[in-house]
Every structure is written in structure tokens, then in C-alpha cells.
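Alright, structures below, take your time with them.
The same chain A turns up in both complexes below, where it pairs with chain B and then with chain C.
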Partner chain A sequence: MLSPVFIRNLKACLGEENVLLDPEDLICYSFDAASGIPPRKPGAVAIPRSREQVSEILRVCSRHGVPVYPRGSGTNLTGGTVPSPDGIVLSMVELSQILDIDAENLTATAEPGVVIDKLNKAVAQFGLMYPPDPGTVATCTLGGSVAECSGGLRGLKYGVTRDYVMGLEVVVADGSIIRVGGKTVKNVSGYDLTRLFVGSEGTLGIFTQITVRLVPAPQARRSMLAVFDSVDKAGQTVADIIIHRVVPATLEIMDDITIRSVEAYTPVGLPVGAAAVLFIEVDGYPEVVEREAGIVRDICQTHQAQEVRVAKDEVERDRLWEARRVALPALARVKPTTILEDATVPRSKIPNMLSAIKEVARKYSLTIGTFGHAGDGNLHPTILTDASNTEEMTRVKAAIEEIFQTALSLGGTLSGEHGIGIAKAEFMEWEFGPAGLDLMQRVKKAFDPQNILNPGKVVRRAGD
Partner chain B sequence: MIWYEDTQRLRQEVLRCMKCGNCQAVCPIYQELRREAGVARGKIRLVEAYLGGELPATHGLERRLDLCLTCGACTASCPSGVRFDQIIISARAAMIRERGLPIGKKLLFYGGLRNRRVVKLGLKGAYIVQRAAFRRHPFRKAGYPRLPIGLDPRRIVPEVAARPLVEASPPMRVKKPVAQVAYFAGCLNNYIYTDIGHSVINVLAKNGVEVSVPREQHCCGIPCFAHGDLDLAREMARSSVDLFWNQRVDAIITSCATCGVAWKHHFHELLEGEPSYAEKARALAQRTFDVAEFLVDVVGYLPPQGYLQRKVTYHDPCHANRILNIRRQPRAILQSIPGVEFIEMSNPDRCCGGAGLLSLTHYQLSMRISARKVEDIKRTGGEVVATSCPACRLQLEDALNRFGTDTNVVYVTQLLDEAYNL
Partner chain C sequence: MLSPVFIRNLKACLGEENVLLDPEDLICYSFDAASGIPPRKPGAVAIPRSREQVSEILRVCSRHGVPVYPRGSGTNLTGGTVPSPDGIVLSMVELSQILDIDAENLTATAEPGVVIDKLNKAVAQFGLMYPPDPGTVATCTLGGSVAECSGGLRGLKYGVTRDYVMGLEVVVADGSIIRVGGKTVKNVSGYDLTRLFVGSEGTLGIFTQITVRLVPAPQARRSMLAVFDSVDKAGQTVADIIIHRVVPATLEIMDDITIRSVEAYTPVGLPVGAAAVLFIEVDGYPEVVEREAGIVRDICQTHQAQEVRVAKDEVERDRLWEARRVALPALARVKPTTILEDATVPRSKIPNMLSAIKEVARKYSLTIGTFGHAGDGNLHPTILTDASNTEEMTRVKAAIEEIFQTALSLGGTLSGEHGIGIAKAEFMEWEFGPAGLDLMQRVKKAFDPQNILNPGKVVRRAGD
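Right after this comes the complex of A and B.
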């Protein structure tokens, strides 16, 4: 519980109306989009409106030893923003200005509460684009997505958030404000703290300004859908496209369970007997797009795709992508609880991973639908279950562990884009070993000696 | 027991929410407040906590459940298809069952709205004192409050009509009518915007439709329904169903998006537990049409000949657009008027911020939402905003005035009527 003195200090920095204490508000900040993580109310919600206020809050929190749980739109999937009653939620949504769009240096600088979609609309006026596009692009904040190092559908060609963050202004645990990186393409001064902060999930510092790299927006794009009667053929197609030196912006896969769920939810004309479908989009200059689309179509046909649909215009493109867009909600409809994972493997191991997931589903008698970013090896095995069935939940837990182990044994990682948060913290040692984890814990301690920055997430420390 | 009273169904519906937060992108209230309690996801979590016994029926909960425009944008965009429009009403109803109506709403609903004569008398009184209480706007039929009567001094309030529409519209006889209809005007058109009411009657008559305006018609009861008083809403639904069941007409015409929703959906939902009433309500729902829908899809209205040189844009009322699917018909009417240059605004389907009582209880918030609408309207360069709901007109007139533009707000049939008479 928070002490009255602390609350008084907090109100002194922010003003009465920017500190929420009512139980009704605290309940609203007790969760995020992760399923299976029990909600926990914070002691208070603090809503700063300037970097000075953020710094002031951290000063007060470090003085009182009160944990700080930073939060953007609360759309993350691993419990990374779930607070605790002895700490405060730091809601960053009011720091929401785009400060600078620098078309000459191809950068944009914005506050963390800017919603990515808004940033993209603003830079589009300059013919530019900020490529990372997590599924929640219309809601998630830039700060949250930098903290989680979000990926999205364009990872194969454009990379992930990490590849676009050039500089940060960060408030560190004691309230000091530091700047790392900047607008220059080349920068080798000192340690690369920018990269360390990206994906740190709020455990190392609080961003107050973010400078990102922009790229020219592609002039044309072409979408295709290819249907296969075996997962292997789809996997071979993915490999072959890359071998032919075509790098699609997007290369998505969907398995049979997902296809059937999508068709049951919104009939979009996917063949329900199919084993896998690929969604492919190439983008760039119109002439290149035309040529690459032809190559991709030929490769799909070489691998005996039962059907290849090419979108002729934007309307057809939207219709085609509808099936991919509704994948998660369609699966979510099947059972009361949906557990979405993002174990990731090298692209070439996608067929192995898909068949391993099928095997896990069979072994533990679970329904698992898999879809995801085949082009970058990032799959989303989605377990359809019922949280109130404790017996089944034990099997779910075992299945998840086995999926993680398989991903790691194939040279992959626990998380491609959702982060570790609370949900996967216990598995970190599998990936990094005791020495690796120990080093991370020491990094955490160097940045946050009192353990007040989003404690209990990513790397746990004794007592979390 | 109907859906809105079934706690079990409510519990199942809130469980379907994945907490993805996609509703943040479309919720007009969240876009202003940026607080979790302002958006559907937060409120769903609150309802969950309330149903699970974690949170008692507090005043704080009641206040947060008040923060919904019932615009339906979250429901329309929810990837899991969660019916937040139903959740919010059910939750408000559950709160009222436990706590009773707050005193202000009780006075308004039971002391006023429930009784037609009281409403009529009250508005007659308002008509008499309005010149004293309000300073007239230079060109709008509205006034600014002179005295601190709990209204923002910059707010304009429309004038109450000298005679309610139902008293000023004798039954109209048409030779060989193509259809006989009864017009359910709704409170706003009956007592305040009688110009809308008359235009509806005129354009229908022009198209050979015989219109009767039953004098005893009364409020549809949606304000009570929206705030969770289902018993009173049911009582009022019964009286409307009784009155119009006896009209022996081909159709019931509405010219208020929310009244239209009452007739098409809420009356029979509310009366589900009373088979004889429910059946009548369902039969009447089948025969209820929004006036633009009736003109375009049913009678095939006469194209107007008069030339109206005006730049016009259209605002989609939430209830017309998302519940009644009325989008195409009003636009078709506007575009058929010679001389009208129709300019689509961006986000025509974004809530105007009116949302019934919310514009009284949360005026500042409601104006912040309207401010965005005003920006979209201004960018079209239109001289006239047409819409299909008098409640939107009420809000838009005030907002356009407040944010410094003299753009006129009309109901779609007003322009059509004008074009017919040129």
C-alpha cells in the first residue's frame, strides 16, 4: 500500500486531477491484453504531461522506493504493464506530441504517447513511412512499441522497431534525464544504450522522446493469396521465394485450423480442405512490383499451389487481407480462452516448427491454430482453451513449455515480438542459461539499483 | 426476462472481451479523456468486477458507466464482436435494480417524461418564459441563457415551438394515396423542431402519401432505456405500441434516428416477456421506416425540380448509421436536388457528441467531441450540414455556433421540401 505522504508528494508534482486513486479507476489499470495473467490493481495511476513531471515522479518514487509501471495503451500481450498494489501505473498517453518530422534527415521525433497510426499519417504527407506495424497499429503507442520492440507484418523486408529507433530521451530510475543516440545514421560513440533500451519493457528507463528513422513509402504494392494442400509445400514456397532473391514486404501463413475458423467466422472463400494458405505482398517501384509478383506467382505454381489469387486493386487487396486480419478474432471465438504465443525460429525451420506444433496439440489433446509471419519465422501458435478448466490448463502449460523448447532447439527464441513480460519470465534461463540471465540481472541492477522500474518483468530478481 | 435484464447473459458477454483495446481507436470519449475508464474495455473490466463481487455498486461505478455515448463505434469495430451497446445498457440496468435511479434522473423521468401532459405543459411554460430567460441569437432560432440556470453561458438552446407539431398538423387527405402512414414525430420534432416535422409531412404528401399525426403520441422512452430504467421504458413502449397499433396504416414513419431504433428494435426487445405485446411490436417494427428510407426505397420519390445552389455535407447519426443502416438514402436525396453540390466530410460517421443527456451532464466533454466534428464540417467548405436526427441537429447547431461558423444545420427532408416548392 502507498503511504499518504507519497500520495501527497505525487499530487504535488502532477496536480490532484492527474493522480487516480478511486478503486474504479485502479481496476481499469489492473490488466493489459495478455490472457491468463491475473489482474492486479496499482496503488495509484499517475498521468504526467511533461518530461519534467516524469522526472519528478521518478525522483519521488525512488525516494520512497515505490515501483513504477509504465503504460501506453495497454495492448501488450505478456502482462508487461500489469502493476502491483505497492506501485503506481505511469500512464504516458498524455505525452502525445509529434515534435519534428525531418524529411531531410529522414527522421521523426515524437513523444511516447503518440499512437503509431497517427505518426504514420503525419509522415505520409512527406511521402515517408515508419515501417513497424504491430497488429494494434491503430491503438498502440510509440513508447509502448519501442519498449516491447514490436514487430508486425512487414518484418521480413523492413525489420522491426529496433531497426528504426535512432535516439531516445530517457528518464532513468533516479529521475535524471539522459539522451542516447540521435539523428545521425552513423554513431559509434560509447555503448549502444539506444539498442539496450529498445525492448527493455520499461525495466531500464522511461522514454520521454523517441527519434525514429523513416523510409520512403513504396509507390506500389501487389497482394496475393496462395492455397496449398500440404504445409510442406507452403514452407518450400516460402524458402524458394527468398532463394529467388525476392523479399516480399509481407509473407504470412495460416494453418488448417485457422483457415476453418476464419471461414466459419466470416466466409471469405478460403477452401476449408486446404492445409495452409500464404498471404504475400510485394511492394516498391511499380515495374519491380510487377516483376516480383510474377516471380512469386510462378514459384507458388511450381510448388503445386491449388489456387493463386492476385488482388487486382485496393478493394480486392482489402478483401484478401480480411482473412488474415480476422485470424485471431476468428480463433478467439472457438473457445472461451485464447492463448497467443509468438515463439520464433529461423525462417528455414518454419515447416519443422509447424509440424512440431501439430504434434504438441495431438500429444496434449489441445486445439492449436497457427498463423503468423512465415517470412520472418515468427509464428503465432494460438491455443484455444478454457481458463476455468483447471485440468486442461495444466496440459496447456505443458504444451506451451514444449513449444518454447522446440523453438529454442531449432535455433529460435521465446519471443519474436510480444516480449517476455510476466508470462515468459520463468523461461528466460532456458534461452540464456544461468550466466546469461545473471548478466542481464546485473544490467538491470546497474540501471535500477532499487528495482523500482517495472519489477518482476523480463528478468526477475529475488523477492519479485 | 429480456436480454438486458439477464445477468447471466451479461456475464457471458463481458467474458467474450479479449481486452485487446482496439476500441480505443474508435471511442470518441477515449480520444478526449485517454483514460481506461472512458473506453469500452475499461468499462467491461468494471462490469466484470461488479458482477464478480470485487466492486460494489458504487457511485463511482455509476459515474463511469455514464461515460458512454452509446454511439456503437466500439461494437462495430470489435474484432470479437462483443456487443458493448448491449453491455452498457444491461450494466446500467443492473445498477439501477440495485441502487435505484439517481435523484436527478428520477425527477426527469418520473416527474416529467413519463407523463405526456406534464411534458406538454412544461414546454408550454418554457415557450412563455424563453424570451425572458434567453437572449435571441441573431439568426439561428435559438438563444443564449441570460441567467445562470446551470447552462454554459455560451451555449445556445433552440426555441420551443408555439404549438406542438401534433396540434398544428390536421389530418391530411390525399386523393388516391400511394400509401397511408402514421408519423411518429418524436419529442424534439414535436415540441422544438416543428420545421423538420412539417417538412416530413410535406414531402410525403407531395409523393402521394397520406400522413396522419396521432395527437396522443408521446416520448418513445429511449432516454429511460438508455439510462437503464427498463421498467419505465417498457411502460412507455407499451403506450406507443397501443396507440399506433390502432392506426391501421401501411407504415409508421420516423424522422429521429433514435426513435427509429426504438420502433425497429427496442420496443419488441423490451416487450419480449409479454407475448401479445411483443408480437404487435414486432409487426410494427416491420412497418417502421425512416422517412428517407421510405422515400427512396419504398415509394420511389419524385425527383425535385427546384434549383438549390448550395454546398451540402451530410453527418451520419450514430443510430441511423450503425443500427438502422441508413446511409445511402439521405445522400441519394441530397444528391438528387438540382444545384446541390454534395461534399462528403471526413469521418461523417463520427459521433457529434450529443448523446442525449450526456450533453447536459457532461457538456464540456460533449463539446470537445463536437469540436472535431466542426473541424471536419469546416474543411468541406459546405454551407449546410444535413443530417437524419434532430438530436444531432441540436448538438451541431450549438457546436457550430460556439466554434465560430454560421453553417446551417437541417434535416434532409427540409432541403427536399424547399426544392419541391421552388
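Right after this comes the complex of A and C.
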């Protein structure tokens, strides 16, 4: 669907070898990780190797009115990277240099294609840490995680991606290169476009450099597993830990269905008869870790934990967290189709949300395993289903809508960390009302008057 | 300049008694705290008492095309609250309820007119703290501090206002009421309008409710004063503290001119012969405070501090910080006119910036006292001058421009915490270039097509 003139211009920007057109190649760029959005092949894939090339590509695309679908590792979960045949995928993976680790200012500057794990290993040599910790940390790119404002396992204590992005170099729709933010902790110069770009899912601009804030790596950490015979007791434990002014680095929950799936997938000794488990890690100075671990253990026992297992060493710790990290693949094995949701509520509403999810599963006769970030109210109800079963998929759709509405009615949000993408765009008005949604559409139009930057994601416009 | 019909409509929204028109009243709303921007009386002052009244006022103003200048306590420093005779001041001080302190979710929700000190006293009863700590904490309103994205003394460890605002209820230009963000730690639903509103200086919308994040109050703290015979040694001490992975809650610097002015204003025993002093406070668990205070003291001594004075008790601590907090009034006494600047650089560039400021003072034969937040790179060079001396004011203007250009060339920003307002609007292109500035202007237009929300601030538009 792309014109030969456009393709010629694109090749002129990048060189022939950096423009993919073969159908086999295009298939590889047609989907995301697990949104269930049907794949759509792009018209071409462009692989820039410099900011100037990104700028050139956007100039060409805006001249031809061709949509641009930016893509890192494609690990997103709401269709953010799903392209269309009348547009190009802009693969950012070759812009993958770590440009600067500034131990004095506690910052790192990198290109968007850097994998987060690689960044973390590089800064660890300076005793530093980049806290955002999405589940796909070993494969996802920094650029993708900034575009999605990834959350992850450390949200409660350390916050999410937006709390760490300090500055951006961005190519905007017409190909101009702008810089916003920088290396200063304080910056109130003009509108905060830096945070507006964070989480904009590739719809407002393309990042070519990202400056992030680092923190001193904690000197010690201790992990534990607490086992409960009711979800309520686990939920109360979470609330009580916070009330006791302990803020764990990580505070995760897993329900019975997830526990059994994980144990069947990779036997690590999870208690298959339990109703819920909490995974908890405290970190900091050794003496603080000691103190906080004691408080947490006491609170678990107060709420009648059947068992509190404290990891004795790093090996036991890693095994514990491995069990948590395989939750999604373990659940995905159970049925042909896995739909991972992102219901997020204020932390105190976790027990309400958990029982609402159980109720939805009963009502629509569905299997839903739930795990997630109890400490920050971000749950992942995971619907195990079969996309080929049309009748069941109708029930799935109704169940998802009911889960969203429950989250919103509990003071929560449509998405805690997976974004809106295509999957949730139709529900935006539930959260923001017509006036709020209109404002977001006007923001999109201000940045991208031609609607060529990842169109159809976040806010829809006529014709998407 | 306001039409009788408009005034009648305004009174119909609010009741006669909440619309001020007397010249003596209007004078009180004609200026800000210390920008040096000449006062301008508004056409009227409106004092709403509910979100519905704010909405009604904006409907009337947008119908008549009348500018709205929102105002809290008016403590801002770049002309943000300076109105014009063809518009009205919207005084938000009567919307001053704390609506909710949610100890379980670590949030507070309040109306914009709440004074920050009052909020802090209220949350302290729950063992919690609202960390943003602008110098005017005892008088400034929450709404004003969110509109300006205030920084303050705790930026290094705790961040600034934007790091604590979780949700907003906002009345936008046409009078619609929207809600963005909320009580969840994680939220990636749509564009991050919450952070875009933070620091927008009243130019994008009017806040009617603000939800902020709280943190557990530290259990212990220790303050110290370190005295140096050279600014460089003080600067190296700052850098070295961070390199040793200690992140103090507060890390402030004061130069010789400021030390002498403070001691003359309120004798607290500052060393008047010193070239620079550092005020340092560490906080947290008692055992951490002990450890970090020791590290800091050792580093000060390594860099040949002439003296390190550790506050023995809360009385000594308060006296120490009082000396820091009176820096501005103490300097303001020296000459008829005080111009407080806001040069902000990456922390490691503090020594460079300090010597550049001294050089600028010499070059333009001006008296400049410098103090500020060394830990986060945010310095306040304070020019002591006389507005009636036209010749000197020409040199002042040149000096300010040179200070801005030096900050930008060192990787800094036009404003760390005072905002752009009127005072720095003309310099925006230096930082963002034409493309960046154009984007900000388009954002303004998307939110406020008629240009009635605090016009002439942050980004200028034709006719401002």
C-alpha cells in the first residue's frame, strides 16, 4: 500500500539494507507480546542508526502522510506496536548505545534501543541502580519502557518509569529534533513535556536519547514468602505493612490458580493448597533491612500466615523471585489464549478487587488467575481462554469490561502499567469523560496534526 | 476595562460580596512576591467558594473573552500572579479544606487554598509527611505550589512537587470539570495530563482538588553546619558526599556575602569570615542517621572544613535552619531592590556556576549574594540593587542574561523552581529552540484556544 516513490525516498534516507520489505520480515513486526490484538503487517520496516536518520524518516513520512509505528522489543501488552499496511514500523533497536553514566549527578543517558538489563548491569559497576523493573526487563528496551511508562515489581517503594526520566531528545512529527528536561533534579522551565512524552506510547514523538535518574543500589535485601489460607488475610497483611510505615521494595501477591500453574510449570516448592501467597522484599542498609524484615514477619504472623519462609541466601532469593516472574508464562500454558489484564486500584482496595475478580470469573464461567503488585494496587487478572471459541470470547469481553468498571468504581484506573494502546482506547471515556478525552485528543493534534505517529493508539481520531 | 455586563454576570455566579472592585482591594492583588515585575491592577477579583463557582466563572470569562489570573498566596517569584486590567484575579484561598487523609494509601486530598504548613501539620498526626518544602511553606498554598511545581530544601532526596502530585480535579478554559490521575501509585491511562498541569503556572487550567502522595515521616534527623575557607572546597564536599552514596535530605550552600548579611540581620553565630558554609541534614531510621552523619562529617573534614558543627538538639537544629531560611530577607535588607535568580545546573557543575556568578558580579560591578540548594544544583544568585538607578539596572539585566546563558551552557536550565512567568518568557527559545517553543505554544493553544488562562506567562502568544 506504500507508493514506490515513498519507498525510494525511505531507502534514500537509510540505505537499501535498512528498509525491510519481504513478507517474512514484515510478519515479525506485525504484533505485540500478548494483547490479543490481531497482527497486521506494516508496509515496510525502517531501521535507523542515528537521530538524523530518524529525523529524515519523519520528514519523508510527514511529506507523504505515511503513519510511523515505533517499536523497541515489542514486549508491550495493549497493541501499542501493532502497525498497519499503509504505514512503516520504525525499529529503534539499532540505536542502542549507553552514552554516559554520570556517577556524580546520578544520571545515565542512553539511546532508546538499550535493553534495560544492560543498562542496569552497566550502572551496577558504579554501585547504582535504575529502579524501574518491568517483568520483561531482560528483553524490553529503554525507549519502549519510557513510551509505555513501564511499572513493574518495585513501584511501591521506588515508583515507576516517569519518576526516573529526567530528559529526552525527541524527534517530533515534522522531523524537528527537540530537547526537553536534562540532568538537573529541579527543572520547571516551560511545560513539562518530558513527563508528557513518558507514557505517550509513541503517539507524540520518537525518542532518540533518554536521560534517567539513578539511585544508590541498596546494600542489603531480604526476601520472604508468606502463605495464607484466605485472600482476605493476605490483603489485610498488605494494608497492615503500610500502616506500620514499612515500605517494602517489592510486595507481590499470587492467587490459588496462579500458584498451582506456577508449581506445575516449574516446581519451586510453592504451597499448592494455599489461597494466596505474598512475595515480599525489603532493601536498604543492613540494619534497616533487619528491622523491617522483622516487622513484616510479625505482621504476617498476626494475620495468621500459615508459613513465613525467609530466603536464607541469594540462591533461595532468586528461586523465590523466579517463581513470581514465571507467573505469566505458567498461566499461558494452561489454555490456548491468555489475556493479561491490568486492573489497578488504590492499595487499600486490593481485597475488594480480588473478590470482585473471583465473582466475575464465577459469573461468566471463566478461569481467571490473578497475580500482581499488591503493594501498589496493580493486579493482573489473567483470563485463560481460547480465541477460537467465539461464544466464550463474548463472555471474556463482558468480563473484561466488568473488571474495568469495578476498578474505576473503586477509585482505580483503566491501566496501571500496560497502557491503553488499541486494546483499551474504546474505554477511555469511562475514565475521563467527554471533556477529559477531548483534551487528550487536542494534545494529540497539537503534537501530530497529520495523525502519523502511531495512529489509533491511546486516543482515537476520526478515520483511525 | 471590564464591561458592566461582565461584572453583572460575575456577581451572579458568586454573589456581590465575593467580587472585589474597590481600587484599594485591587492593589492588593496587583503583584507577586519578588519578581520585580511592575504591579498591574486587575479589573476585578473573584473569590469562589466551590468548584461549581470556579466552573461558572470560567464559563462567563470564556463567553466574554476575559482573562483569568489565578492566585493563591501570591508568593511566586517570576510574575506568575501579576494580572492585567482587562482581566480578573481568581483568588483560590477560600477553597481551603483538607478533604481526606488516607493513611492506608499514603495520600491526602485537599483544595488548592490549603497552606502547605497546615497540610503538613495535619498529616504529621498520622506519622506522615508531605515532602515538598518551598521556602514559603508557612504561607504558600498547595494550589500555587502545584501550579509552580515548587521545589525547596528537600529536592535532593525527596524530589519536588511533581513527584508527589497523584491526581487533580481541574476546571479547564471552557468551564468543564475534568479529573486526571488518582490515588493509584501506577497510572498510565492516557496522556499524563496530571504532570502537564503541574508547573503550568495557571495557564492550562484551574485546580479545584489536589491528591498528593505522602511518605512516612523520618524517625530521626541530624543537622550540621560545615565551614569552608573556599567555595571550591565546599563544592567538592557536595560532590564527594553524593559519590559516597549518601543522599542527605537537605544540602544547602551559602556564600560569604550571604553569611555576613544573615549574621547582621539575625545573629545566630555564623562564621562571618568564612568563604562558604554548607547546611546539611540527614534523616531516616536512627541507625542510618548515625551512620550517614558520620560519613558526611568525615567528608567535610577530608575537604578541610574549618569547623563542622553538629546540632545537639532540636533547638540548635531549628536555629541552624532559621539562619538558612532568613537568607533572602537578610539580603533584601542590604539594598532597596532585590532580584532573586534561579540558576540551576547539574550538581557537579556547582563549583563552575558559583565562580561564574562571582565573575559576573565583578564584570558588571554588582553585589550578588548566592545561596541555595547545592545538593540539587539549584542556586539563588541574589542581585542587590536599586530599581531607581537606571544605569545600574542596565548592568543588572546584562548580568541576569549572562547568568542564564552560563547555566544553560553548563547543561542547566532557565529555572529550577521559580518558574518562567513573565520574567523569563523572553528567554525560553534559548533553552528549547524554535521547534520546542512552538510545541509548547501549541500545547497552550490546545488547552486554551482563546488565551484567557493567565495570558502572557510561560509561553507568549501574539498580543500578550
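Here are some notes:
Convention: the second predicted complex is superposed on the first by the 463 of 464 C-alpha atoms of A that agree within 3 Å, B and C clash if a C-alpha of one lies under 4 Å from a C-alpha of the other, contacts with A are read in each partner's own complex, and residues count from 1 in each chain.
Throughout what follows, a residue touches a chain if its C-beta (ideal position, glycine included) is under 8 Å from a C-beta of that chain, and two chains touch if they have at least 3 such contacts.
Remember, predicted model here, so these are calculated numbers, not experimental data.
Once chain A of one complex is fitted onto chain A of the other, the partner contacts of A:326 are limited to chain B, with no touch recorded for chain C. Once the two complexes are overlaid on the shared chain, A:458 sits against chain C while remaining clear of chain B.
When the two complexes are overlaid on their common chain A, residue A:212 makes contact with neither chain B nor chain C. In the superposed pair of complexes, A:31 makes contact with chain B only, with no contact to chain C. A simple residue count on chain A separates chain B from chain C, and the partner touching more is C.
In the superposed pair of complexes, A:234 makes contact with neither chain B nor chain C. In the superposition on chain A, A:299 makes contact with neither chain B nor chain C. Look at A:379: by the touch rule set out above, it reaches neither chain B nor chain C. Interface residues of chain A facing chain B in the complex, by the touch rule stated above, are 20, 22-25, 27-33, 35, 39, 47, 73-75, 91, 93-94, 96, 113, 115, 117, 136, 138-139, 326, 328-329, 332-333, 336, 338.
The residues of chain C lying in touch with chain A in their complex are 102-107, 127, 148-149, 151, 155-156, 159-160, 162-163, 172, 176-180, 182-193, 195-196, 198-200, 204, 215-216, 239, 242-243, 245, 247, 284-285, 287-288, 291, 344-348, 373, 376-378, 411-420, 424, 428, 431-433, 435-437, 439-440, 442-447, 458-459. Residues 15, 18-22, 24-25, 34-37, 42, 45-46, 49, 54-55, 58, 60-61, 63-64, 79-81 of chain B touch chain A in their complex.
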